[in-house]
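The following blocks contain the structures, represented as structure tokens.
Here subunit A shows up in two complexes: once beside subunit B, once beside subunit C.
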Partner chain A sequence: MTSSAVGAATPRLRGALSYDERAALLFVAPLAAVLLAVAVFPILYSFYISLFSLKLTRPGRMPFVGLDNYVAVLSDPHFWLAVERTAYFSVLSVAAIAVLALLVALLLNEEFPGRRALGAILLVPWAIPYVANALMWKWIYDSNYGALNGLLYQLDFINSYMVWLGDADKTLPLIANAFVWKEVPLAAILLLVGLKTIPPDLHAAAKVDGANALRRFFHITLPQLTSAFSLVVVYETMMAIRHFDLFFILTEGGPGDASHVVAWRIYVETFRSLSFGTGAAMAYVLALATLALAYAIIRMLARRI
Partner chain B sequence: MTAFAPLNRRSFLKTAAAGLSAATVLGRAGRALAAEPINFATWSAAVDTVKSHIGAFEAKTGIKVNYTNSPWAQYRETMITKFIGKAPVDTLWVSDSWLPEWADAGWIAPVDQYKTLVDNSDVDQFCVDSMTYKGKQFGNTYYSDYMAFIYNADMLAKAGIKAPPQTWAEVVDQAKIIKDKGLAQWPVLISMAQESWLIEFMTAMVYSSGGHFTDDKGNAVMQDPANGAGTALRWLVDAVQKHKILSPSCVETGELAILKAFSSGDNAFGLIPKYRLRTLNDPAQSKLAGNAKIALMPKGEKGSNATVGWMRFYGMTPRAQADAQRAADTVKLMEWFGGKADGEYKFQKMLFKDVGSGFGQKSLFNDPEIRAGYAAYGDVDLIGKQQSLARKKDVVTPWFGEWNDVNGTAWQQAIMGKVSVEQALNTSAAKWTELKKQS
Partner chain C sequence: MTAMPTTPPPAIRHYRAHSPLRRVGRGVALAVASVLFVGYVLAPIAWLVSSSFQNEREIISKPPHWIPDVPTLANFSAIFAAKDKAVTYETRKSADPASGGFIPSTATNLLPAMLNSFVVACAVVVLNLLVGVPAAYAMAKIHFRGRQASIYVILATRVIPDIALVVPFFLFIRNLGLLDSLWSLIITYLAVTVPFSVFVLVSYFESLPDELDKAARVDGCSRLQTLLRVYLPLARPSLVAVILFAFLASWNEFLLALMFTQTPASQTLPIIVASFTSDFTISFSFINAAGVLAIIPPVLLALVFERYIVSGLTAGAVKG
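Take a look at the complex of A and B:
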């Protein structure tokens, strides 16, 4: 970079910033411009349209409604039912992911023949795209020809084929199961990294003091894993709250309204009803709630570190 | 050596501006000189057949066609985005379900002024009705079909049943016989899954049971015990919960899954789009080959053999009509596809041969090639008779999409026993009335 190129900056800027700072600004500017265009602008623009009654099927009419879309969303009982289902799905999923990922991480932290091969195999679900994962589980859960019914029938656990996703009481746990299967490997890797950072001396000293494996786990391993756990819980909670793919492919929100979670309602409002104003308002409510929840979880776990 | 004047910033900017202006002017002139092709948009079906028919059209007329297609699942949203973005579209495939929405928005235009497009002398009435909105016709036929009642002749014979059921009550009786004899766990297959087909399955049941969703003025009557949708929904609820002849999984089993399940030969009766009859009788795709037969739709107590028909048609945009030459060329393309090409219904027959698609032209039922095609797997006269009893959906309105989600959810909840039939239909009717008021 020549001094003449940087010298294009205004005299005032030139005075306020050093040469290196101006050069850095110039280098960062293209990326900042791209981020402004593809991230900041859409975020601001989606908030802008959430203040209008914008429906694509009604071109030319876009009245300003202020916060009415937000009021409509928050006063809709169906939205709160969707919030309940989202909370149920998220708690179920994150709890299962945390427990299973911890068990997998503890297993992979031990030395045994085939550990590396097992680690590679356990990563397979993580490598499968979400849509492919959903289609696979749709085939497994199918009540007419699904693999789950076939297996249970052959093992004599059932006398006739069961209804799985079509049973409203089973729908959310079954979708959560598919979500957990996909998410456990990443969570396990994050926890495994946490396990590797625990100094071996701590365990050795505890052993000398006579602590058994269980006491060492609860008094050394778990407390040392708090940072990794908080990362897993925050990340998986955010993933679960916003999750859409499995609901779209496995049930399309059904049966009845059994899997009408918030993400599904946003999709229906925005892309089926083409009500972009209300859809954007709903998406903002979800984003703010996710942000607040993530902040609360981080604060809560940070106090324990 | 030639001496060049030094290039300073001012002279560079002048030269660049002049160059850009010249390029813009020349570009515009170039576009005006080269005739812009007719822009034809479809969903991704029979793509090779469409391309070959376009090739023949271009060779015959010299009119160029710019053909684009996008998946059916995203087609409505894709086209609406194109309309909003003013992307060039002259003619396109349109589903009858979207007609009011697109017509009210001004995205497609009436074609009544083009006499060749509205010559309906050979077109089934439900097809004409399906292309008509507020008294104006918005296109010509692409393809049409209807929901058919199909039975497994082999299973009925094994059960000692001599003829397929004539009424929905007989469907229950025969299904119970089949179930009692251990021939099928779930003798009846009807899809009630939340997907775009759901309204067709519901409406076929409602029409054949003698009911309606709306009256002639477009008011909700689905909740009316005398003329509404209650008889049909009650039958479904009883079939699942009381008689156990229809699997509770019907709420998660889509149209394609129904086809696969019926192909296995493990069921006796199915509501299935008629064009699937060919697949069901194809030994390479179905264990039921040779035994999948069509019967007239069973009647309800006050019902008839009516069923629901659907229609896809060639629509025309205001953009195409804005220019006389473009309009004339677009009409020619629409005639070539939706009407006759070289004096015969060429494209309709190509589609029939390729995928077994139905058609809206009555005379095709007498065409030797079509009759020979149908004879391989169906009773062509019965197929034609059932088509003559098909009616358009009575819920196609600008608010159809929004209502359809609520209605589908309500029906599923009733089938699962979460709400009563009356509650489900009242919910559906209330949403209809609310949306009608808002429109």
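Take a look at the complex of A and C:
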């Protein structure tokens, strides 16, 4: 990208690194070592494992099975059901995040007393652990004493307490709600940055031309937000696809298998069935799917470096 | 491009409503939106906190008491005094006979788990700085061969889902004999957090003028001296951001801890708290108190360091 990096690649003898290059090598070496050992190697190792039938219930034997694990995973209808649930959860979550984050960003883009306090409050959901978020919503959704029942009952929306997470039709939307609550802040911050980069002259000019607020929003604000929006959508989709914590604490894949998403399936396959080969294969499929998505985000980010 | 956008652009005045009626309308709209916003964000947390101060009798009232009639510290004292009052099968229900909900014997593990979380988070922070700062400086200021490639590698490692790494991580840690040790967490959290740290730091270093670099080099500083004496003091905001991100990510992490830790020797706070939620006999108010303890440190950090976090997030994600 930078011209000097290209210039540095002129033919040179091995071992005759410049001072700068030796310094750079030394500075980058610890990071490279960490990433090679704990990121690159595991990724490759994961693929290697996925070619074997490795079950911890049968230690000592690890026959090579080639791509059989992948065939097994991809031909299993339960896997595709899990994919469907992951897709449903992700689409629901990302749509809600995008809308709510946009509203929050528009609010925080205004100047008014108390704006800074709201900006600080916004960070609270972002900062707390997912486990705390999960137990909070589990308690809110509780079918006997939860706040959701209590609130709806007091407001006369329901006549008697309802079962929430235990209802197969409601469980994924409710988990998505907990996910959205925690993810909106980051998305809103990213959109807010996008809003700040819109030249105010555009709005001023449109106003002079007689465009009302609504028209300005649809013809100036939204089009100018495109790149911030795609960043948010891609990032949050990646987060939703891989999400695990809420499923673990809120439902453990239940009721029945209503919230049995891909991430949960990988965990169960690996650590409950102790079938590491198929678990790794499934994980690899998920990683490749995520990488395909991430390709977009990398392109977007790399353009800015 | 500054990485610390703190002053809002004044240009917003351009399209502000001018007539008094419209100004009132705008004020009302903003007030309503602000109330909705605060309610959405804080109501769930308020309910969590309120529940943690309720006793057993109160927490099972229908409809719920939004504000406790008889606030009690019993749930918190159960956690902090757990060491003195050993909870046994015989005594556990004595905490409250009304509901049968009890204080679990694992309550004793909560404070040590908090300490574990803290130790791991601090170690990860230190390692992040040691590994991340020199690398970020080199990538931002030294034009070496492979610079672009290393940025791509870092971006790529950032997007691999952690759930996809559970199998190799587990075997890797097991083969090193590090299962159930804090090291297993420190090593893997470092790998998970350092790409983002480097990203934030690179974008900040790049925003600092190259001339400083040249001037220091002309004055005879080595690369290391240039980094330590010239850039590091200037990069303080991004260092704060990196420290916060690494700390919070480690404090909050759940999946890897779930795999690697087995005993209280290495279990972190999220693991202990999660273990409470799966036990139906444990008092809700006690679980909520544990939840409150888990969120206090991150919430405080977020409120105190809001500026640094926001600028770091924007630098790391969209690079200002």
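Keep in mind that, in the parts below, the second predicted complex is superposed on the first by the 274 of 305 C-alpha atoms of A that agree within 3 Å, B and C clash if a C-alpha of one lies under 4 Å from a C-alpha of the other, contacts with A are read in each partner's own complex, and residues count from 1 in each chain.
Please note the rule applied: contacts are C-beta pairs under 8 Å (C-beta built on N, C-alpha and C of every residue); 3 or more make two chains touch, one makes a residue touch a chain.
Note that this is a predicted model, so its numbers are computed, not measured.
Chemist: Just subunit B (first), just subunit C (second), both, or neither: which does A:Val124 touch?
Modeler: second
Chemist: Looking only at contacts as defined up top, I'd like to know whether subunit B or subunit C touches more of subunit A.
Modeler: If we count touched residues of subunit A for both partners, the winner is C.
Chemist: I'd like to know which partner A:Ser143 touches here: subunit B for first, subunit C for second, both or neither.
Modeler: A:Ser143: touches subunit B, not subunit C.
Chemist: Report for A:Leu165: first if it touches subunit B alone, second if subunit C alone, otherwise both or neither.
Modeler: After superposition on chain A, A:Leu165 lies in contact with subunit B alone.
Chemist: Taking the superposition on A as described, I'd like to know which of subunit B and subunit C A:Phe271 touches: first, second, both or neither.
Modeler: Touch partners of A:Phe271: subunit B and subunit C.
Chemist: Quick check for you: in the superposed arrangement, does A:Ile49 touch first (subunit B), second (subunit C), both or neither?
Modeler: Touch partner of A:Ile49: subunit C, not subunit B.
Chemist: Between subunit B (first) and subunit C (second), which does A:Pro255 come into contact with in this model arrangement: first, second, both, or neither?
Modeler: first
Chemist: Could you say whether A:Ala72 touches subunit B, subunit C, both of them, or neither, answering first, second, both or neither?
Modeler: neither
Chemist: Identify the partner contact of A:Val28: answer first if only subunit B is touched, second if only subunit C is, both if each is, neither if none is.
Modeler: Only subunit C; A:Val28 stays clear of subunit B.
Chemist: Could you say whether A:Val193 touches subunit B, subunit C, both of them, or neither, answering first, second, both or neither?
Modeler: In the superposed model, A:Val193 contacts subunit C only, not subunit B.
Chemist: Return the residues of subunit A at which the contacts from subunit B and from subunit C coincide.
Modeler: 142, 144-145, 161, 252, 271
Chemist: Give every residue of subunit A touching subunit C within the complex, in rising order.
Modeler: Residue list for subunit A touching subunit C: 1-2, 4-5, 8-9, 19-21, 23-28, 30-32, 34-35, 37-43, 45-46, 49, 100, 103-104, 107, 109-112, 114, 118-132, 134-140, 142, 144-147, 149-151, 153-154, 161, 181, 186, 189-190, 193-194, 196, 200-201, 203-204, 207, 216, 228, 231, 235, 238, 241-242, 244-245, 248-249, 252, 263, 266-267, 270-271, 276, 279-280, 283-284, 286-287, 290-291, 294, 297-298, 301-302, 304-305.
Chemist: Taking the touch rule as given, give the residues of subunit A at its contact with subunit B in the complex, in rising order.
Modeler: 56-59, 142-145, 160-161, 163-168, 251-257, 260, 268, 271-274
Chemist: Quick one: in the complex, what on subunit C touches subunit A?
Modeler: Residues 5, 8-9, 11-12, 14-15, 27, 30, 33-34, 37-38, 40-42, 44-45, 47-48, 51, 59-64, 130-132, 134-135, 137-139, 142-145, 147-148, 150-157, 159-172, 187-188, 190-191, 194-195, 198, 202-203, 206, 222-224, 227, 248, 251-252, 254-255, 258-259, 269-270, 273-274, 276-278, 284, 287-288, 290-291, 294-295, 298-299, 301-303, 306, 309-310, 313-314, 317-320.
Chemist: Note which residues of subunit B are touching subunit A in the complex, please.
Modeler: 77, 80-81, 83-84, 101, 104-106, 185, 193-195, 247-253, 257, 260-261, 264, 398, 401-402, 405, 408-409, 412-413, 416, 418
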